[in-house]
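Here chain A shows up in two complexes: once beside chain B, once beside chain C.
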Partner chain A sequence: MNVQPDLEFIRQLKTAGGDTLKKCFQCATCSVACPLSTDKKPFPRKEMIWASWGLKDKLVTDPDVFLCHQCGDCTEKCPRGAKPGETLGAIRAYAYQQFAWPQGLAKLTTSAKNLPVLIGLPAVVILIMWLFSALIGVSGLHIPNHEQFAEHGYQHFFGSWNFYWYGKNIAFIALIMGVSALIAIISSWMGVTRMWKAMAADAKINATYRPSVFQFISRFLWPSIWETLQHKRFKECKTNSDRVSGHLPLVLAFIGLFLATCWSLIKNDILGLIWPSLHGPLWFWDPIKLIANVAAIAMLYGIWVLWQNRRKMEAEGRASNTFYDWFLIWEVAAVGITGLLAELLRWGGMPGLGYVVYYVHLISVMMLFLYMPYTKFAHIVYRTLAMCFERYRNSSFVQ
Partner chain B sequence: MADEHGATGAVLVVGGGISGLTAALEAAEVGNDVFLIEKGPSLGGRVAQMNKYFPKLCPPSCGLEINFRRIRDNRRIRTYTMATVQAVTGAPGNYEVTLSVAPRYVNSNCTACGDCTAACPDEMVNEFNFGLDKAKAIYLPHPMAYPRRYVINKEKLSAAGASAISSACKYGAIDLEMKPETLTVKVTSIVWATGWTPYDAHKMDNLKFGQSPAIVTNMMMERLASPSGPTDGKILRPGDNKPITSIGFVQCAGSRDENHLEYCSHICCMATFKQMSYVREQYPDAEIYVFYIDLRTPGKYEKFRAERMADPKAKFIKGKVADVILEVDGGVTLVAENAVTMEKISQRVDMAVLATGMQPRAALEPMSVAVRQDANGFLLSEADKGYYAAGCAKKAADVVTCAQSSTAAALKALQVSRR
Partner chain C sequence: MDKKYCAYICSGCGIGDALDVDGLVSMVGSEMSMDGKKHSFLCGEEGRKMIAADVEGGVNTVVIGACSQRVMTKEFNFGPQTITVRANLREQVVWAEMKPEEGKEPHQEAKAFLNETAADYMRMACTRAQKTELPEPYKLENMSKTIMVMGGGIAGLTAAKEAAACGYQVILVEKENQLGGKAVNWRKSFASQYPWTGLEDNPVAAMLAEVQGKANIQIKTATEVARIAGAPGAFRVSFKNAGSASEWDAPVKVGVDEQDLITKGEKPDPNAGLQPYTAVDANAVIVGSVVLATGWKPANVDQYEHLGHGRIAKVVTNNEFEKIAKEGKVPAKVAFIQSPGGKDNDDDFPYCNSVTSMVALKQAQYVCEDNADGQAYILYQHMRTPGHMELFYKSVQQNDGVFMTKAAVTKVEESGDKVKVIAEDTLLGEELVLEVDMVVLAAGMEPMTLHEHSINLAYRQGPAFLDLDLFDGYADSHFICFPYETRRTGIYTCGGVRKAETMEETIDDATGAALKAIQCLESTERGVAVHPRSGDTTYPDFFFQRCTQCKRCTEECPFGALDDDERGTPLPNPTRCRRCGTCMGACPERIVGFKDYNIDLIGSMIKSIEVPEDDEERLRIVVFVCENDAYPALDMSGMRRNGLSHMVRFVPVRCLGSVNMAWIRDALSAGMDGAMLLGCTYGDNYQCHFVKGSEIASKRMENIGDTLSTLGLESERCATRQVAITDFDKIPAIINEFVDEIVGMGPNPFKGF
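Entry: the complex of A and B
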């Protein structure tokens, strides 16, 4: 085995929270402390030695790296302050970069130095779209008066046209968010397929009989998602159990907001065609609107818990202060705060300020979408797929 | 203190363990006066609690008794047990040290006949045996005790007990009115040999010490194996006195751990090898499991280690025990990841021995005199003050190394007196 320490790899790990890695002396306390580690394949001790040897290829194809929920139980018990939980987080950050596409965009998300660009990019794109919408319509780039604001809320942000079938505002939002989401989906798809292939190769799986899409979903994907939703593994954590009380509301909030967005689209742009009265912002007591509002509050609450928790862990020296961990917290907090603020301003009838806040809200949402596959947010796809892989590897397809 | 043989100063040695004894003898044999003070009721320190000690694996009596005889025969050494330093005044080279001597309640008439203990109705936890059995409120510190004189724990003595023992003693040795005393001595330098204490195993909550009698520390194991111990030297599981068929040694229990003692205690790997031989002598078929991070044995003990490693019924697992499960049958299961096979192992054993480390006593008991300590509480020598640290007070070590550092400390202390 060629143990050439890869300096770039070590450097990347260090910036993402793996700076303590060299302190490990392989006592294996962490593997026993970890509530998710199994008898046959314990972690994270082996990952610690691979990391210090610079065996990055072994690490990025190791499902255990992705199964870790960064609970910190191992870090708590580590006799050397090597912070294995944080190191695994850093390895994941590195892996997301390795599997990422396009590489340039991925690189950008690794450092706080790039924040001006990271924020500037969506800011400029949305601003251009905003100006453009003004160019091609009568009601673009404007601040509505009170009556208009009361009636349409932010639904005329990009203006409106009288074309019956498709709202101008929707067209622009779809263009911005749809394209961002599409990039994210393509990128995630490429990333997880790379990961899957690499893992299968590493585990020397050459199954002759491959699961169909239906089998894949019903036997591997759905059970993994269901397990995630229940936070089963998360709840095994002991030292930082309050993270569940932050993460669970957050997950439910995302689901709630997703449903509300879908409903709003259907109502406005499909049902609204038949019953024009359905056009317009949702009524406050609309059940879906209620869900959305509850979700928004759950999101703010969840991120507040996680924010506090992270701060506490760092203050107690149980976690490292890294851009990787904070960027996602900031992003989600920004989405939540600007979203709620925009709504409050709408109720308060303050169109000028409302539009500015809404603009910032769009920026933060676009950031969340666009950078999803490269930031900590990527865990939703990579961990889910790693869980699928574990199920697959132990299934009759392989054994 | 003036000296008729021309030596100019006396040396104070604090601590009567093997290190303090060595330092005192070295200094006295060169011709200096020595005051040797010991906090406990007897000299000997931790070595007295061992069953056997390496390198020769002889019982502690063989080393301690020679030293005690030499101390007794040396007119220059004055020993005070139950004594501690209260204050040090004056300048280096010319110290006046105030000692306080706690009452022993037994005077020099005592012949160590033991009649009082037999008559005493009051029992207490036996600290010498780490709570494995009970002792009477009047007791001989240990079989080799020096001075060979009983001592009373007055807090544990009832009124009935007091009259029972007083009437049992034929020599008028019991004096319950004894008062604490202070005395001052003049010395030029001080050797600190205050030794060590086993690290409190309760602090490693994952190792469950105290939750099952089947979990003992290595020092308890010394007492279990010792003929003067609670089981007369038979290694039996505390609690139910069951002979064992398997035993697990948990290395680095609390040592090399940022959350506990961050240093390696240096001796516990060897102590485990030694205790494996105790087990093997009594149980030729018992299974022995040793969980370790790496086994550290000083070069001079390589051969001893090799012999133990060759034991066909001993398994060495590279991985620290990080969890212990209590079993209903009284045994325990030790959980670790074997870093060699990369699998987690859960090994059930009848009894588990935690190889706890050595913590400097000065880290636990605040010193009445300011002596410089490192971050872990080990004492540092201060030549300008004429303070010299020796033995385990200075660094966790075996007896041989302690003797060397004590000799060195004694010689340096003498240099101060001859400046």
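Entry: the complex of A and C
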């Protein structure tokens, strides 16, 4: 191997939480502690020397880097305080940037300095849309009176119900969130495709048969997702095992909220066409609404746990204070708090404040969607695909 | 001196319970014609008052039958004019009593055995008291208290500075035109204080200024020492201009046989044109002691062909790289190779110790300091950063541009204007190819004594230190126990000539050596021995009328204390002597002895042992025990109440080298059944405090074994055993098994003749 260390890569890792990586003296205590490590792959010892030698190409194509749960066992046991767990986190952050598209947007998400832009961008987009909805509609950019608010909640945010402008509100929501999600999906797709190819090339996989989409889903993707849902490997973590109690509610909350959103969409905008009475916010005792509320509380609980854990770890010197880690925590917290607050204000019948909070809620949701492929949230796709790759690599397609 | 004796026997510490103390007191009176007293707590105030009152009343030779001579030394010290002899009734008699096997009754005569043993120790002690004389220290009429420091590098500068700071005159000799040594060329030096991270400015300039400003340091540059004759307190140093030849250059050793050939003209004289070693140079400068700090030279690494030094211009040694760094900017990409490597070889370059590891860490920082994107690769087999330097290592490791891995370098080759380094077995898990601007090899620091005599002594045993191959050519020292010591009394080494070391270590080292040189001067002035028998006022007397000029003492003296006079008779240099008595053990004429330790004295002690006839349960075996390690081990064995055979009698000796075979003959002809020498380990990892004593003794014992066989005695009746001070638990097995062997052979057939 002709070694060309990338000093810039090392500097970037150091600013992204891997400031301790050069301390590693290759004792392999981390590999003993890590359940991912095998005899032939001393993980993350090997990754630590690659990192300290600035060998970025080897690192971003290493599935193990993405399989790491950052459980902290290695960091806890490390006799030199090199914090392998944190370093791996920094490598993942770097890898998301490497695979990301468009690069400009991705770069934006790496620094707290850009927070005004990061928040400003969705804020302006939604504000423009809000203004725009007022220009073309009957009652965009308005604060409803109490009766309207009680009846429609936030469903007339971008305009009132108008058959000719059927789905005006949903059209705007779809326009904002759909486009954000689409960008995220395309970006993620491009990213994971690049990663997959790079990993396959690095693992020297030269498979004759490619799995079909069905095979891919049934043999690799679904088992990976199922494993994630169970948090099986996450539970093997010892040092930071309490992170499971934050992460698991969070995952379930996202699923719950996703279901509730889908149901709301179907009820209001499909079934509502036939039975107009179905419009309006869900009834409190609607089972789906119950799920959504439980999920919202689970989300706040989960993020509270993770927030506390992070703070504790940093206070104890087990983790570094990085924008990469905190940005996602803030984002999720913002989504959860503004969402629940908006609902409470609706119940409380405070339309003015409610609309402002709802506006902030929309901003936070859009941020979550739009920046997903570049921030720590990207692990949702990269990690899942790395798990698929791990299964694929050991499958009959390759072997 | 008219001796007035009194023997005191203590009954404390269990001695009185186990022994018939009254019987011993009366034995001393009847057999040894000495007054005897007993006391239940002799080392206590009352007991000592009793003895002190007797000393006041005229007793000047005191025999103490109590604990070991190694303990209660202050309590039983009754002044320089009183001879005190100790009989070890506690550790080696009472506490070493053989216990019966479990469930068995003790031997019916066990009590008698123990009393007989104690009686023999009292007899020996009383005999010793009768034979010992008060020593008078040997003092030089004219002695110099000047210290000569050879070598003007970091070590020499420090030694000179420290010795001068203690008020001594110093002569600092440097063969180059200016002081400073190799360190002058270093760009930076390692961290020497908390937080042990950054590099520091080279301290040499400051040290130079300090040394040059001292009035009591005389500096001689461009000067070499042609020879050093004489002895501590009065060394005669002949100087010469550096690089020149002088008739006073130290001659090499020429043995008797070789001299015959030279005289016959069959062999060229290696010392042609040189003054004999005994000649006295009228122009010589007299100094008291010497610090040798002639340092080291960079090792030649051209022999490692795969590394390309000498063939590829961009492959340099660490020493050459330091010069480049001192003069200007170093290249941006540099590989530091710490071990010659190749396959299956994880040795470092020879003579590197831990220094080259730290040098590489230092020089890697030059690469990053001089170049914004500097990259320094350190390929090591071992990274050695002892002590605080671990913090230095950690700080360098934090540098983004420093890359380290364990690696076996298999090849270095030119590749355009770059150099390609290929290494295997790396921590990165695969073969490594590095393209760099320069390769630096961690060449070792070879001590000057590997290449030349350095010390240039005009001694009969030759100009150099002996057996330096045991230390890979480093100026010899018994490394673990006695740093700075050499086998040439009054000469202390420090710095690179002694060990590959950093500046900081060297400064510590040189300070130590300067203090040893001062200690030597002060001891010499008081007429007492230096290490390891520090303060010993005795020295060997030679009765030259009976000398046959056999030269055994001259040859065997581990410290080269004896020269020859014109007629070939040994010429003692008492201030070179360490008082081990190897000369006494060597002498077939038995004409060497000390006032308190001589052939007659020990011989009489042996003869004082009662040897019963026709009693197979009362065989007698004498064991000569080295006082340095074996005797303490024996005491410790007693403290642990390990049982030793009642047939054994221990005689302490200064060193096994001092054991004269006459004593073995005395023992066997007195009817004793066996003899053993118990002393230090010898060989490459010797532990002998006098370096050669135990080795010489074991050779002598082989010879006497042969002599025994010709007399029809089993040669196995004589044996030598080696123990370390920590081997106290092995002592019973060593002793008791030997006794069993002797019992198996049966009594000495010459018993009673």
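Criterion: the second predicted complex is superposed on the first by the 387 of 399 C-alpha atoms of A that agree within 3 Å, B and C clash if a C-alpha of one lies under 4 Å from a C-alpha of the other, contacts with A are read in each partner's own complex, and residues count from 1 in each chain.
Methods note: a contact is a pair of C-beta atoms (placed from the backbone, for glycine too) under 8 Å apart; a residue touches a chain by one contact, two chains touch by 3 or more.
On a predicted model such as this, the values are computed, not experimentally measured, just so you know.
Per the definitions stated earlier, placing chain B and chain C onto a shared chain A by superposition produces a clash between them. Residue contacts after overlaying the shared chain place A:Ala181 against neither chain B nor chain C.
Shared-chain residue A:Leu115: touches no atom of chain B or chain C.
Contact with both chain B and chain C is seen for A:Lys46 once the two complexes are overlaid on the shared chain. Of the two partner chains placed by the overlay, neither chain B nor chain C lies in contact with A:Leu341. Residue contacts after overlaying the shared chain place A:Lys77 against chain B, while chain C stays out of touching range.
After overlaying the two complexes on the shared chain, residue contacts for A:Arg11 are found with chain C alone; chain B is out of touch.
Contacts of A:Lys22 after superposition on the shared chain: chain C is touched, whereas chain B is not. Among 8-16, 296-304 or 656-664, the region of chain C with C-alpha atoms clashing against chain B is 8-16. Touching of chain A by both chain B and chain C, each in its own complex, is seen for residues 25-26, 46, 80. Residues 373, 375, 394, 397-403, 405-406, 427-435 of chain C are the ones touching chain A in the complex. Interface residues of chain A, counted against chain B in their complex, comprise 25-33, 37-42, 45-46, 77-81. On the chain A side of its complex with chain C, the touching residues are 1-3, 5, 7, 10-11, 14, 22-23, 25-26, 46, 49-50, 52-55, 80. If you check the complex, the residues on chain B that touch chain A are 206, 252, 256-260, 293, 318-323, 335-339, 342-344, 346.
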